[in-house]
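Both complexes below contain chain A, partnered by chain B and then by chain C.
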Partner chain A sequence: MSNQQNKNISAAQQQYQQFAKEREPKRPVLTNCLHAFIAGGLICTLGQFFQWFYMTYFNFTEITAGSPTQATLIIISALLTSLGIYDHIAQWAGAGTIVPVTGFANTITSAAIEHRSEGYVLGVGGNMFKIAGPVITFGVFSAFVVAIIKITIQKLGGF
Partner chain B sequence: MLQGRQSWVFVKQPVIISTAVVGGPFEGAGALAQDFDILYEDIWLGQASFEKAEKKMLEDACEKAIQKAGLNKEDVHFFLSGDLMNQIISSSFAARTLGIPYLGLFGACSTSMAGLSLAAFLINAGGAGYVLSAVSSHNSAVNKQYRYPTEYGAQNPPTAQWTVTGAGAALVAANGNGPRVTGATIGRIVDLGISDPFNMGAAMAPAAVDTIKAHFRDFNVDAAHYDLIATGDLGKVGHHIAGDLLQEQGIDIPPDKFTDCGLLIYKKDQPVMAGGSGCACSAVVTYGHLLNRMRRGELKRILVVATGALLSPLSYQQKESIPCIAHAVVMEREGD
Partner chain C sequence: MEKYLIAFVVGGTICVIGQILLDVFRLTPAHMTVALVVTGAVLGGLGLYEPLVKFAGAGASVPISSFGNSLVKGALFEAKTTGLVGVLTGIFEVTSAGISSAIIFGFLASLLFKPKG
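== the complex of A and B ==
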């Protein structure tokens, strides 16, 4: 917690938070990192395999193979999510399953399944981007800002 | 009647004439499976949504409790119930099915003992002959409302807790056989600034300590007066903190007398991180396991301190800390 926030709480609260912190199990950061490295690495290796597969057996180039490769990973992730397996893998893998495209697929699939009970339009339609929404919003916005910077530099005679 | 600052003594000693507890498959695989009246094989209970499944569990628990007492719904004067869903829909919808005059309660996971103390108060004051007090919670319905979708792959920290899927009901009467409710202490809100909803144990521990202290002061007793003091759902983290806080404040509860429902309900190898939580946690453990032990004569007098974290997903996102509360109820074996 930053000092800024600490100013707003009383001495008793601050004292207790210290007291509680000493008795809380810490997140096993090193183990988590190791698990994330293994899981994330395996997913990337799998992606690499699909890329090779699409390039070898179908007429894809290294660049165009990206789309079917991602689609395959997304389908696998969506299937594992709907079978109720993905969240168990994720508890072990942590960032390893969240960061790759499979994690993104999981956020959308899980929200869509969860809100099916409220109907297709308001339930599934209205909620499936509940968790993925911020990623899309800020992803598009950052792309916009970067594009503006690039164009400005180009117009000014750079690059 | 009022005792001390914030407690009630029930001189007529209302009786818990029957209890019923129901649970999901994960609870069935837990440490207290033999104490459940009904264990469902499927978390959906054949319903179209988790919310409907929770309502069904609550109805089943209530009907089972009434049936075990040999009564009909029409005999029960009032129904006091609460749950964790927005607008306590599980309770209100179950009350619609039961058709018993109803008061809805919200005290988050402390609702079980809030309901039981009010039920005992009503009986003691002659306001009712039979009062049914019940609570429910459903792991997936709670996750959907408070956290993430059930199948979302977020990694839970070791301080997180597992919401119990289940429901517990107690039928309280003026006369009859069964454990007696002899006193209660109503807690006040304690908020020591913990704002992490994945660390409820640490947030609620000071509230439990505050209520235990108030209870000992109001009744002028100490831990020796009880065979067991059980908190609601502090889990490993909160239980540890509560124990140390009590010791620091000069209240000595021997470790073998001090436990937590969230620690009792699951087996060690179940992946529940710090332990169980939810409205049903204290209810199923108390109405099932603890009262069964009392009926078998293993316990004479117990104090159950149900703890609740009164946050909402909205308040958490607006960076509010978590206000917490705990209510304590004394239960004694008849004839002692």
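== the complex of A and C ==
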């Protein structure tokens, strides 16, 4: 992949990588992007509907309505994943279903169901965050760093 | 009605950015979501994500980048009221609903359903 890796492999391996690269099927980037745009847009539109629903009938504000909206989408996503429907949508939509919060729920639910045969504690409990873990780890760590930097700047009198 | 259109376009655009990261820059889905979350956290720290949420509603709050923004927002908010410890206690404050519901319903699903395919 990167140049760093290419330095450590022999000429024959390099030739093979070149060979494999040429024969790799071209990805239909534009079609994929269009699918992602439509699917992601529709999920966000659905989210907008739930946000409106919670704001009109349950006295949430524009900011606080985010939590119940995400929770509702997560329930729907978990249900669709359990029924095996989400995978079919994801195959068509690509990043359109990975990027919204529904994709996060999908990775947790599918990992939980998949590892069920290994037992509930070690299988389900241990593997649930196998795919979603990086998002939480890097999200929390970067948020921590950003928050510390911002507080330091504020203390020093900036912004 | 206008709000729905803006949510569609902005949400769709963020997903296209994700798709480009997958196809053009050859990242794995995990790397792509991590990149978006970190970007969301940095934009949140710079105070740029909140205006986007105000403008696009669910179009900005449903994609995973809002997860990073919410983490920063919770940490900063709690730090304002309780001091530096607030960064640690507040980091999950806003995102708690998303994470808890994902864990609860994910586990429920594993109790009720068997793997397909």
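Here are some notes:
Quick note on the criterion: the second predicted complex is superposed on the first by the 159 of 159 C-alpha atoms of A that agree within 3 Å, B and C clash if a C-alpha of one lies under 4 Å from a C-alpha of the other, contacts with A are read in each partner's own complex, and residues count from 1 in each chain.
Here is the rule we use: a contact is a pair of C-beta atoms (placed from the backbone, for glycine too) under 8 Å apart; a residue touches a chain by one contact, two chains touch by 3 or more.
None of the values given here were measured: they were computed from a predicted structure.
Room for both chain B and chain C is found when the two structures are superposed via chain A, with no clash between them. Of the two partner chains placed by superposition, chain B and chain C are both touched by A:T81.
In the superposition on chain A, A:G103 contacts both chain B and chain C. If you count the residues of chain A touched by chain B and by chain C, you find the higher number for C.
Shared-chain residue A:P25: touches chain B; no touch with chain C.
By the touch criterion stated above, A:A12 is placed in contact with chain B alone, chain C being left untouched. Of the two partner chains, chain C is the only one touched by A:G41; chain B is not. In the overlay built on the shared chain, the residue A:Q91 is in contact with chain B alone; chain C does not reach it. When the shared chain is aligned, chain B and chain C each come close enough to touch A:I131. After overlaying the two complexes on the shared chain, residue contacts for A:E114 are found with chain B and with chain C alike.
Closest C-alpha contact of chain B with chain C, superposed model: 6 Å.
Residues 27, 32, 81-82, 84, 87, 94-95, 98, 103, 109, 111, 113-115, 117, 131 of chain A lie in contact with chain B in one complex and with chain C in the other.
The touching residues of chain A, when paired with chain C in their complex, are 1, 27, 29, 32-33, 35-52, 62-63, 66-71, 73-75, 78-79, 81-84, 87, 94-96, 98-105, 108-109, 111-117, 120, 124, 128, 131-132, 134-136, 138-140, 142-144, 146-151. Of all residues in chain B, only 48-51, 144, 148-159, 191-194, 199, 202, 205-206, 236-237, 240-241, 244-245, 271, 274, 321 touch chain A in the complex they form.
Note for the complex: chain A touches chain B at residues 9-10, 12-14, 16-17, 19-20, 23-28, 32, 81-82, 84, 86-87, 89-91, 93-95, 97-98, 103, 106-107, 109-111, 113-115, 117, 131.
Within the complex, the chain C residues that touch chain A are 3-4, 7-16, 18-24, 26, 29-30, 32-34, 36-38, 40-42, 44-45, 53-54, 57-59, 61-68, 70-72, 75-76, 79, 84, 87, 91-92, 94, 96-99, 101-103, 105-110, 112-117.
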